[in-house]
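Heads up, the thing below is written out as structure tokens.
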Amino acid sequence: MIAVRPDPASDPVVDAHLVIDRGAFRLDLPLHIEAGEVVALLGPNGAGKTTALRALAGLQPLTAGHITLAGRHVDQPDRRLWTPAERRSIGVVFQDYLLFPHLTALDNVAFGLRRHGIDRRAARIRAADWLTRVGLAEQARARPRQLSGGQAQRVALARALAVSPVLLLLDEPLAALDARTRLDTRAELHRHLTDHPGATLLVTHDPLDALVLADRLLIIEDGQVVQNGDAATITAQPRTDYVARLVGLNLYRGTAEGRTVRVSDQFALTIADAMRGDAFVAFPPSAVALHPHQPDGSPRNTWPAVITGLQRHGDNLRVQLDGPIVVAADITPAAAAQLQLTPGQPVWVAVKAAETRAYPADSRLPTADVKDI
Amino acid sequence: MGSRFVRTAVAGLTVLAMGGLVGCGKSMGTADSAPSPGPSSSAVTGTVTVFAAASLTESFTQIGKDFEAANSGSTVKFNFAGSPALATQINQGAPADVFASASPKNMQAVTDAGNGDGSPTTFVKNQLVIAVPKGNPKGIKGLADLTKAGVKVALCAEQVPCGAAASRALAAATVKITPVTLEQDVKAALSKVKLGEVDAALVYRTDAMAASTDVEGVEFPESSSAINEYPIVVLTNAPNKAGAQAFVAYVLSDRGKAVLNAAGFQAP
Amino acid sequence: MTGIGDHEAAERPNLAAPPRRRLAQRVPVGLLVPAALGLLFLVLPLAGLVIRAPWTTLPERLTEPATLTALGLSLQTATIATVVCLLLGVPLAWLLARVEFRGRRVIRALVTVPLVLPPVVCGVALLLVFGRKGLLGAWLDATFGFTLPFTTTGVIVAEAFVAMPFLVIAVEGALRGADARYEEAAATLGASRWTTFTHVTLPLVAPGVAAGAVLCWARALGEFGATITFAGNYPGITQTMPLAVYQTIESGDLDGAVVLSLILLTVSVTILAALHDRWITSA
């Protein structure tokens, strides 16, 4: 069951089409992961991320579609083919780690090796090796309840990797950690994932996890894929409101006619480069300027708005604005003080055309309603 | 069968608890005593509580009914169990009017403790038989047959009168048997035969006769060397002294004797 | 779960205060009084036994061979009965806790019946099945010439019958409380269902199993009604301590009965107290 190092030039290690029907909810997720590739599965709560992970792990059968791991068919409903979790070459790091409380860290890591037929002594040696690799050699004899969150996470990772799985699955691996630990652990995790020769699927809701750890992002909403690409593309060109919020952009959809994109009957945005057809327009909150009165001068995008909310956002102030379009703006504290911003106050919004980015709305992909931020 | 154990156990435990609080030998009478009018020729009223050996179950129950018929307004309540257990209960202060024991030994335990009013009277004798299931499937003819391989025998425990009698009879026959169980009263031993769990039991003739639908009694000569005498006495602390005396008189009367004879008891 | 918290949640008790004050701080009077009454209720009868014991004749009675035989038989049969209950009861508990099947509720109710039936009735029921003329016993007798009544095995059967519900209920409760996700984790690491059961599930519920086993053993040790009805009463073979006590009382030797009871009391308290606290209270 220990997988042979897959050949990168051959078929993808994970070749799947996950279809699960569960009452009102339907997951429909085509998925391909190459050897050595790390794919992050992102999405809002209820999108189906955990369901997808459980299906790959063999804890949840598919309703339709298929799963093939390293050339082996493990789930094919139409052929009544189903391989349970214990016979798949997988390793799972659960959100709560689920380290066996009655075993030491060493025996936890050795557990999978023992189940794969390796004798106790050899299993313990390899487990000790893995613990050293994750920097926990001294914790070998500790029980899970004696470990800190970060340490438990590392043991869980070692336990999953020790069996050299073809597919490594991580379910929100950093969610249970505090901010400081998360920072360090994320960096280390990145290192281990890079070293892992098999495929990796990382389920997360934290965009930073995805950006740091993954080669490719797969975004699902309501059981459907809405965007699939590397971090750079996605951050540059979000296609749904969720993604936009994820990467921190204001996003609008409309019809482009040259340098104007008509977003609604009453409103159009001016963009930098001309284009035609169905389009997205995005600009960051930092590109939004606020003025007490209608500004003169060059910016082509100005409109009156009303302040609906104020929050701190890092060192800046995040201002929510209502108007012909809903906008989020980041204002420095100094500017805010000058403007004396209060909720309900009318202001004028200005966005330079040069700071907007417009790109075609690809009608191949399903679209989501563009909601206000 | 089972209810006897339960009753005895419950009675025994209650009595122990009471004994512990009250101390040995003092009785706490229940409120049921009726102040008795003079000697027994007029009808007796109230409840008469009779502690009697298990082997007297059927005959005394009948006598009790006859007594109630002759003395309207009276009720006779019985506690049937192994004689040693009854003696203990009485000595621990159980509220009883009359004690009828299957052996003088247990009666002596009661009179020695000062709980007997006057001297006990022997009213019947009883003799052992071998009880076997109806049809005598194993062909038991005498005590010697009880030693055959594959024959399971139930005996009463040594301390119980029928067990003591059995020992004497077996000694007289110079037969040694190993029973599979030692029961606490004769009815329990008999029930093992009725259930078919044992092939034979040494019980009283009266018990075998009372269970004649399921069981037959095999007589054996040595039983005459182990005859039990049954004494009866009114108790010192009887709540219903007049009722007690009337009951004992009834047992000793011709009507009482007739019932006992019919059951298989011998005259004293 | 294994979320090792950096958060210390509960309020710490005032450890600087003297111990009595600490206790008063923590236990409300409304609970303390009934608790004390309950304790008295349970302990006074035991004290009665100790106080009324015939201390002068105790030493010779203690070493009477009949006493030691009965004690040895009791300990043996109770322990073997507990082992039988473990072997049969743990899988039964697993079935009730983890497998959905029709009529599960009825089965669970049936399992608790020996708790509700008077022990003597349990003995009668056993006779009707395993007695010489019983449903199965007749066949046993005809085929092997062997029946359970009047044998030590019969004692073990009677004790196991009345004590098994304790074990099944305790273990079922423990299994229901155990987190089934550990079993999923084991599966992802390659463990078969059986291996998961033995290496993950059982260790997780071990405290519950131990608690059930202790209850089971205690019940088996004190068993009387079913034993005397089904197995009979013969020294060395079927006369356990409770039966010996009964016979002693029945024969009028109250002192002797108190001595036997004290012995049984001492032995069981010693053994139960020696068991780790940990094993009796669940994890």
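The chains carry the letters A, B and C, assigned in the order they are written, with residues numbered from 1 in each.
Going forward, a contact is a pair of C-beta atoms (placed from the backbone, for glycine too) under 8 Å apart; a residue touches a chain by one contact, two chains touch by 3 or more.
Bear in mind the structure is a predicted one, so any value in this text is a computation, not a measurement.
Asks: Considering only which chains touch which, label the overall pattern as line, ring, star, complete or other.
Replies: The chain contacts form an open line.
Asks: Based on mean C-alpha positions, which chain is nearest the centroid of every protein C-alpha shown?
Replies: If we average C-alpha coordinates per chain, C lands closest to the whole-structure average.
Asks: Determine the centre-to-centre distance between chain A and chain C, using the mean Cα coordinates as centres, and give it in whole Å.
Replies: 54
Asks: Any idea how many Å lie between the Cα centroids of chain A and chain B?
Replies: That gives a centre separation of 89 Å.
Asks: Calculate how many whole Å lie between the centre of chain B and the centre of chain C, each centre taken as the average of the chain's C-alpha atoms.
Replies: 37
Asks: Can you list the chain A residues in contact with two or more other chains?
Replies: none
Asks: So in the complex, which bits of chain C are touching chain A?
Replies: Interface residues on the chain C side: 1-4, 6, 181-182, 184-193, 195, 199-200, 203-204, 206.
Asks: Residues of chain C touching chain B in their complex?
Replies: Listed in rising order, the residues of chain C that touch chain B are 45, 48, 52, 118, 120-121, 123-124, 127, 131-133, 147, 149-150, 225, 228-229, 232-235, 238-239, 246-247, 249-252, 254.
Asks: Which chain B residues qualify as touching chain C in the complex?
Replies: 1-2, 5-6, 8-9, 12, 16-17, 19-20, 82, 84-85, 87-88, 91-92, 106, 109, 152, 154, 157-160, 179-185, 192, 195-198
Asks: Applying the document's contact rule, which stretches of chain A touch chain C when the two form their complex?
Replies: Listed in rising order, the residues of chain A that touch chain C are 1, 57-59, 84-88, 90-92, 94, 96-102, 111-112, 115-116, 144-145, 147-149, 151-152, 159-160, 163, 176, 178.
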